[in-house]
Amino acid sequence: MSIYKKVGIVMGSDNDYEIMVEAAKALREFDINFEMTVASAHRSPERAGTWARTARDRGLCTIIAGAGAAAHLAGVLAAETTLPVIAVPIDATALHGLDALLAMVQMPAGIPVATMAVGKAGARNAGLFAVQMLAVEDEELAARLSAFRKKMAHEVEAKAARLDARLKQDGLC
Amino acid sequence: MSIYKKVGIVMGSDNDYEIMVEAAKALREFDINFEMTVASAHRSPERAGTWARTARDRGLCTIIAGAGAAAHLAGVLAAETTLPVIAVPIDATALHGLDALLAMVQMPAGIPVATMAVGKAGARNAGLFAVQMLAVEDEELAARLSAFRKKMAHEVEAKAARLDARLKQDGLC
Amino acid sequence: MSIYKKVGIVMGSDNDYEIMVEAAKALREFDINFEMTVASAHRSPERAGTWARTARDRGLCTIIAGAGAAAHLAGVLAAETTLPVIAVPIDATALHGLDALLAMVQMPAGIPVATMAVGKAGARNAGLFAVQMLAVEDEELAARLSAFRKKMAHEVEAKAARLDARLKQDGLC
Amino acid sequence: MSIYKKVGIVMGSDNDYEIMVEAAKALREFDINFEMTVASAHRSPERAGTWARTARDRGLCTIIAGAGAAAHLAGVLAAETTLPVIAVPIDATALHGLDALLAMVQMPAGIPVATMAVGKAGARNAGLFAVQMLAVEDEELAARLSAFRKKMAHEVEAKAARLDARLKQDGLC
Amino acid sequence: MSIYKKVGIVMGSDNDYEIMVEAAKALREFDINFEMTVASAHRSPERAGTWARTARDRGLCTIIAGAGAAAHLAGVLAAETTLPVIAVPIDATALHGLDALLAMVQMPAGIPVATMAVGKAGARNAGLFAVQMLAVEDEELAARLSAFRKKMAHEVEAKAARLDARLKQDGLC
Amino acid sequence: MSIYKKVGIVMGSDNDYEIMVEAAKALREFDINFEMTVASAHRSPERAGTWARTARDRGLCTIIAGAGAAAHLAGVLAAETTLPVIAVPIDATALHGLDALLAMVQMPAGIPVATMAVGKAGARNAGLFAVQMLAVEDEELAARLSAFRKKMAHEVEAKAARLDARLKQDGLC
Amino acid sequence: MSIYKKVGIVMGSDNDYEIMVEAAKALREFDINFEMTVASAHRSPERAGTWARTARDRGLCTIIAGAGAAAHLAGVLAAETTLPVIAVPIDATALHGLDALLAMVQMPAGIPVATMAVGKAGARNAGLFAVQMLAVEDEELAARLSAFRKKMAHEVEAKAARLDARLKQDGLC
Amino acid sequence: MSIYKKVGIVMGSDNDYEIMVEAAKALREFDINFEMTVASAHRSPERAGTWARTARDRGLCTIIAGAGAAAHLAGVLAAETTLPVIAVPIDATALHGLDALLAMVQMPAGIPVATMAVGKAGARNAGLFAVQMLAVEDEELAARLSAFRKKMAHEVEAKAARLDARLKQDGLC
């Protein structure tokens, strides 16, 4: 069992689970605990507000909020806590996530929200960003992050190595 | 003094006054009372929530909310009241109000927000829309709206009449 | 049978039925009567104009207009009646509803149109917004809306409760 | 005095005059008569409709319509006449004419509107397009258009010739 | 056999045929002759230029040009003829036709191009616009256009009539 | 003198100083030390890389990176350190910061960048976000943040109180 | 075996292979050698930097870089070499390549990147552009390019010839 | 006097001079000769075509083309020569250069155009890109480019050094 503080993951709708689980997986890779829930800024404002206001006392160190459309969730939570809030815009409408992105990233001065990319990449990076925050003062975790980075770099090399086979298959070398 | 219910006008920042006063002026033209205040969804969430939750009991019949950037105000108020909420996106960032527009209009199913155009035209129309709502069951007010519409049509004719002079001045007829 | 006034739902093409029926369903949930028709601002301007001009006398209290592409329907109807007009932009072209959204929401000062989100969420919210307008002076309907809001909040809690099962299934807790 | 049929120029607001006068000037350069008026699709729908329905009988051969914001004017006129309608989107809102452009160009099948560029270039081209339509069966006018094209080409050459002076002035040759 | 002049339809690639045939069908409905070809502004500039320069002498009265991506075809043809050129932007890239639309509609002053909607609706309207141009001085064709408009209006009514059945099927009336 | 770790602020060009100084001011308000420098991902890649690679060892706890245009700075730094990197898109081109925003926020999975709003609001929020990160484990700082939030809420109330005077001045109450 | 210098093709992820192989195919058509690899600006910055810094010494004459999302690859390589760098934006996110396009094309003054179209057309053109660069001083290659252009023009004619069959099949001539 | 081949700079209008002179200045810094002219794809297609077709024989090694609006110039020139063509989109309309950018960068497969950033940065980079092309086989020029890059890096350092003074002036250190 991890000794780290817990990260809170919240999504506006359970339709967002397939996206937001990427944040959870990233945290799990680094043995960071998390709690995950659904809370809509619009359909359950009281729940969302209470969840945010009690987040620090529940031992959360940061909040990851994913939502689509007019995605107010991250901003609404950020207004109710001084914990860092990370936002994941979700492509849930005809406008392909541009609505959620702008509704999250363009926060007015005073209440910051840290926005990630639209969709799964953003959710995974939200998890990794939380790990990086925890690693600032945790040398062991920082070392694991460095190892993780090296592994990614090696995977790039491995992919590069496999290109030749594909080029041969396509008759290009 | 008017016998109509009151409209609530709220803006996210007093920087929005020059825009939102257009809503007030439209209401005044039809002798509709209003109250106007500043409440930020992000900087003063409690104030915004309380204002919305008590709006019906304070005798408000509709709420007009203007905000810029990641404009959550209208959605946040709409989540706390079943009164109709009209949104006015304000051009307050480098993205020229497209952020506020999408953050307001793309509300998820369940909590409607009625969005107007970006800026002064939208604010004026928010006021007029409130008048039109009140006029549904008020024949006298409906008659005043019809007269207002006729006056606008006449003004178009008057503008058309003045075009000839401009064309002559430009040597085009 | 309902004692409430009727809502008019109009769409630019019967291709829009699957979207616009969401408005009808929302009204039915609150026992609000409606009439639904097809009227194109472009292909049947006379029909659209007549329908709007007679709307108040036919007992309509508000109009919900859905259209795609250069969506002029809501604006054209709004120009012919002082009833409130609610617009639902529909994703019907390569531009994914951005065209319909801007063609509806950016109405010039004088003739308001209350725009909802693109697509089904917008259509459902158009119906709910009409209910909210009717509930301003109808305490019983307002109470039903409050109950509806509570039910939505409970559904959010139920969804949250089911998340644990999904996390277990994904081996994440 | 010209023997050609007349072109109708209509704008949604007299604020659009400085833009739309470019269409008039282009017509004048080719001695084409025009009538110019203001008619708002929203503020004066009856006037706009009547103007369009009687356009053919008044001897108009084509209609040039300029409007900004949710620019319905061209589509509304096109729905009421089988004369060709040319649209000029005007940059009149925070969205810089993108709203007017999409509201004009994305007309649904059945009612065509021929859209030009946003602003003055579009207005001038609307006038020139009307001239080109008239020149299809008018060899003398076609010859004048060819001469106009040659003149434009010569002006390009003249501008090119003046570049050297500017380069010298900037110490670049 | 038709006595009308011929319309030229040209597309940048035969991939565009399924879109551009809509223009041909519209012309056929009104017994207007057409010639249809492929000419790329980029891959076959000489062919495109020659085709445009000889268009008037070949008896064409107008040109309909469809293209996708950086759609230069319409502008390139328009630069080589004084015949009216109608442009149809085609959704052929990741940017969903916004690229083709802007590359066609934003023509600089001097060389007009009349742009229609992106895709099939635009292609059909291009054909209809050509018919409307021919009908300016052809009362019989104008009458057929009026009948066509009436038929469209009747179809709208027929669609409206069928809505009730769908509502019953969905249990909504 | 503060006992907190230091925040690094880096900008792509000294033209960005007026924007990025807002981050510095926010840090100063909470007595957080910072170092500020210029390092361009493109014009000085070695400097940028070295700065990022040594950041943790220099005692930085987080990095705030502001850049305009194809804003690669934040991503380039994030690739070289496991410290949290906060990005501030700057409106520095004809595309009004949309280029910088997308170039920063759309980071691929693996290397997170936490993006703030375009411009001054984003820079100030970047500073505040850094404070919030430091306050996760620092109760005194968390308390100061709570006080700061309360002060913002009071300022909203003060602004609201001043609205009446403006309404009177405008003759609206 | 070719006597020309080699072109380097690099992509941010092997997911981009299907797109980027189009560049390789174009080079092969002109017997230009290439090397192809994977190097991520973010996941393997050292690899990317080293690859770029040694590119000239390895005999590369130009670099083609394809990437999606916040596509920094081309800019990062360009910062490390004075060889010409050609960028291919890839549609890899919900924003359909607009993010990659702006992240590549909007390079600040000093470090040029030559951007092609989003996707396969862009990748093929990147290869052809490299050929055109090599052909500046190579008359034989220039002649082959001219022949290639003529072949494209003939293909356009062949496609045009086949249109008649399609029109007959559709009953349109 | 330089021994290098000449670069051709062409702009669609002399209004573009202030932008395009940046390309000339960049070439001058490296003693590359250039010729500069005005040629409009639309207003002077013959001139533009002839200029491009004869470019190679006139000793040009590459072409830099700047244009705004529906910017066809680069594509039109590229279709007429196998020399490399570099495009500079210019912000000349209400759409702020997005139109020119898409009209240039989205070239279909077969005819490449290398697009730079919108405006002055793009023009300067077009010149620098031409220098980089010439430097591929010219070691002395490559060395000068390397020195130029070093100078840019030093300027960044100098700017960084001056930041402290500004922070002191603002009372921030």
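A few remarks follow.
Read from first to last, the chains carry the letters A, B, C, D, E, F, G and H; within each, the first residue is number 1.
Criterion: a residue touches a chain if its C-beta (ideal position, glycine included) is under 8 Å from a C-beta of that chain, and two chains touch if they have at least 3 such contacts.
Note that this is a predicted model, so its numbers are computed, not measured.
Of the chain pairs A-C, G-H or A-G, the one whose interface repeats that of B-C, sharing more than half of its contact pairs by residue number, is G-H. Chain geometry summary: the mean Cα position of subunit B and that of subunit H are 47 Å apart.
With centres set at the average Cα position, the gap from subunit C to subunit E is 33 Å. Of all residues in subunit F, those that touch two or more other chains are 13, 40, 43, 69-70, 93, 95-96, 98, 105-108, 110-111, 113, 117-118, 121, 149, 152. Chains that are in contact with each other form these pairs: A-B, A-C, A-F, A-G, B-C, B-D, B-F, C-D, C-E, D-E, D-H, E-G, E-H, F-G, F-H, G-H. Interface of subunit A with subunit F (complex): residues 5, 22, 56, 61-62, 82-84, 86, 101, 105-118, 120-121, 124-126, 128-129, 132-133, 135-137, 142, 145-146, 149, 152. Listing the residues of subunit A that touch subunit C in their complex gives 13-14, 17, 21, 24-25, 28, 36-40, 43-44, 46-47, 69-70, 93-96.
Those residues of subunit H that touch subunit F in the complex are listed here as 91, 96-98, 117-119, 121, 149, 152-153, 155-157, 159-160, 162-163, 166-167, 170, 172.
Note for the complex: subunit C touches subunit D at residues 12-13, 40-43, 45, 49, 68-72, 75-76, 78-80, 92-93, 95, 98-100, 102-108, 110-111, 113.
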